[in-house]
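Look for subunit A in each of the two complexes below; its partner is subunit B in the first and subunit C in the second.
Showing the complex of A and B:
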């Protein structure tokens, strides 16, 4: 598949990682994240090894470090909480550069930061090497219920259509001298949102009509049924399988 | 004599709210004909179209497609045989890529693999959109989207192609390109339109649907030239357009 204008997270390429069937990659990322989360936070070296593993995958996928790091920024709002922990968690105190910090708080912050960052990095890598559409097909192959797959597919297809409609409504509002400047104007915006909802709902009905006209009976035909080879599974699962002994070692040491 | 592509007789329909839209429609369209269905807004054109593939079920009368009565029993077959191209291509094209959209109908009918690819390829070729298979529909021009919408229906190899306002919102070049595509197809066409010059250009025969009945049926040129008939059914030619003067 090579749909143009894919989502922003995707990075077009033909690396071995790009070529893997999406469902194997999904399983691999999930496995990797579970292994990372199961690792005790005190095994600091283990997290360094995990990061190195992800680095190896990124290199294989030819995803540049800058690309990866920029997209890691999405994590920032979530780690803000982690930064607070050393200051607010009660317990044994230690002094760093004259500031008194809580030791369990520091460990807690490290735990969230390390595991969160590794999880986000793995997900960013997945998104960078797999198209949105392919991800949904992958979920479908993994047994995600068909209605959810269909809803997600329609979101991809109609997200832009509805955004356009919203933009046109906004242009129409402004052309008649309306500028949303404050609370007083929220009523108008709310009505626009309502109108947009009804328009989208009606479009939904028309789309359904078009689908039924073309033989839709409740399930989407699965178009890509190429079987997955053992080699593809092995390549995808190499990541969690490499991480697993690190985790086991971390737990026993 | 061949079985006609479409036969409608005595078709009447009232919406659940009691509004009666069709009062006994009779029409026959032979195989390979291109026929325009003209009529003012609210004449019942869309209601009639939705009966052709069994989306709406007749209150009275029958619809027969290539000898097959439209009814619950043959619904899958009927929906394949009657290809409806709806007015807004964004409604018609609901899959993330052009290829998947064109493949939808045949895949729903059970086609897979190389056979399916071939059908998709052929349908896109017929409308001149071969290079666009992997594009998302949203990034095509309106005219391209409408041509892809035609392809999605052609992929089912329909007996009859039903187009709802095919020229609406198209710029003149896209309008002409679509006309070229439609002319090149070897399929029965029923075209619902307000674009009377387009009807004259493409369809030798026209039907006028007015107030739920077929009010006229004849050569397009004669119908468009009959001023009295046109006025009676709120049909108007564009300014300066004289049907007799067009070759």
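Showing the complex of A and C:
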């Protein structure tokens, strides 16, 4: 996997966060998100502390704040759901700026916004500091079954190829004067999707034959087996371990 | 449609995770048979083919289909994958796509991965494929029949996923939203999204059928027998592997039952939801309609698109549709299970005879 295969979210760098083994980072992010989800929503200050923790990690990884904030846009559909909640949830009403809002609805909206945003931010940080291939190796070292790992790596490896093929088909359509403007043009687009499926499937058959002729029997050798040091685990797990006491405080207070 | 962290509580998320893991494990075994031809020999074909199909699903989700005046939608792909490559491979591919979207693109929470795979992968694919197989029993064995069955299967799969999401939310939602109203609104909106999904899926499957019918898993058994030209005359080639003739199904009874159930469900739920509905009134009073419009573009393809802004008439309509879809899905699942059991039995007896 050369430089051209890095995904859009990845930011090249050599910070301490970039250097950690991928599986330790996966465990750290999962642990952090679990702790965040387990925190009661009434403990508003706890979520501010979590955000500060993530900010510290981002600073350590030298990921700029603007980059992080732009990637949060993926959350927007659920923000819309959260915005509607104060209006549709029944219960005690309160008045904000002359608009009647429901108190449980406001808490529900806050719950989704806070936990969802922290979860997305943690995932974005993970993706920004870890390469694709490393992430898949990390999943494998965490015990994800080998067939799934292989399917995922084939998907990642050929994802760009297939997407580019789709883009070339789009260029070809447009250079012949086609512009999709409405439902009437769905037939053309669907034929392109069908052709894309046939090309993808046939490429899969060719890839399989090429691999079989090179001795593939259904399993891939695991090349990267560097042991993980205690210090690396400690550095990665610092994030969830710092979040844990905040959660416990939030539950008891 | 991707559920973020903190939306569903921990026990339900964990339970959904167990369901998803079990479904993926079962699908791995099934995919070996679908892609490799036999459960023993096909092991080395699964990874490259399923991987490329997953890459295709990932890419085709980015293909925009313009609807009108600047809005556009895209395929969700569950029904398409189920019919093109089979249900097991379909579940597997969608699950891998969701896993990669969660880990790489922060699309969907890590703790909600089980919910996402269960709702969008398993429910969509299973509902679509069950409806598809059920309709194939009834419809004529032609390309048109396959395309029509594909349309209905894709149409049902989207509201089925919305209903499954509502069920998960009702059990493990972190906020109390009136569940009946959420169900009506979700299923209503998703019937509309499902119509688009159905049209695109049917057109795409039709396009593949026209070029490579042998690649369409759902159209197996449609291929015309091979003919050899021997001395200027067409002679039937020896079939490679003669399939056992499918036993005649009691089609008339099945159609009658389906029609009766659909009519009953539509009428009954019409009366059930004919009482004044509070949600729409609240929505209209608070002017959510205007607010929701601002978000329309960003959420045009999400399950929560236009959530809670149904007019009263369309609420009734969608209530009726919800009943119809419920009956359809239930019948389809039942028929699918029956079909699977029966097929196994005929295979067994066939083996005993030989």
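The rule is simple: the second predicted complex is superposed on the first by the 233 of 253 C-alpha atoms of A that agree within 3 Å, B and C clash if a C-alpha of one lies under 4 Å from a C-alpha of the other, contacts with A are read in each partner's own complex, and residues count from 1 in each chain.
Going forward, a residue touches a chain if its C-beta (ideal position, glycine included) is under 8 Å from a C-beta of that chain, and two chains touch if they have at least 3 such contacts.
Predicted model, so just to flag it, every value in this text is computed and none were measured.
Per the definitions stated earlier, placing subunit B and subunit C onto a shared subunit A by superposition produces no clash, and the two fit side by side.
In the superposition on chain A, A:182 makes contact with subunit C only, while subunit B stays out of contact range.
Of the two partner chains placed around the shared chain by superposition, neither subunit B nor subunit C is touched by A:248. Look at A:212: by the touch rule set out above, it reaches both subunit B and subunit C.
In the superposition on chain A, A:153 makes contact with both subunit B and subunit C.
Applying the stated contact rule after C-alpha superposition, one finds that A:124 touches subunit C and leaves subunit B untouched.
Rounded to the nearest 10, the superposed model shows the Cα centres of subunit B and subunit C diverging by 80 degrees about the centre of subunit A. Once the two structures are superposed, subunit B and subunit C can be ranked by residues of subunit A touched, with C on top. Once chain A of one complex is fitted onto chain A of the other, the partner contacts of A:133 are limited to subunit B, with no touch recorded for subunit C.
By the touch criterion stated above, A:237 is placed in contact with neither subunit B nor subunit C.
Look at A:51: by the touch rule set out above, it reaches neither subunit B nor subunit C.
In the superposed model, A:43 lies in contact with neither subunit B nor subunit C. Taking every C-alpha of subunit B against every C-alpha of subunit C after the fit on chain A, the minimum distance is 8 Å.
Shared contact residues of subunit A, touching subunit B in one structure and subunit C in the other: 153-154, 156-158, 161, 203, 207, 211-212, 216-217.
Residues 1-5, 133, 153-154, 156-158, 160-161, 203, 206-207, 209-217, 220-221, 223, 225 of subunit A touch subunit B in their complex. Residues of subunit A touching subunit C in their complex: 7, 9, 26, 29-30, 33-34, 36-38, 41, 71, 74-78, 80-81, 83-85, 87-91, 99-100, 104-105, 107-109, 111-112, 114-116, 118-120, 123-124, 126-127, 132, 135, 139, 145, 147-148, 150-159, 161-163, 165-166, 180-183, 185-187, 189-198, 200-201, 203-205, 207-208, 211-212, 216-218. Looking at the complex, you find that subunit C touches subunit A at residues 1, 3-7, 10, 24-25, 28, 43-56, 58-60, 62-68, 75, 84-85, 92-93, 95-97, 99-100, 102-107, 109-111, 174-178, 181, 199-200, 203-208, 210-212, 215, 279, 282-283, 286, 288, 291-292, 295, 298-299, 302, 304-305, 307-308. Within the complex formed with subunit A, the subunit B residues making contact are 50, 53, 55, 76, 79-80, 82, 84, 86, 88, 90-97, 100, 103-105, 107-109, 112-113, 116, 134-139, 152-153, 156.
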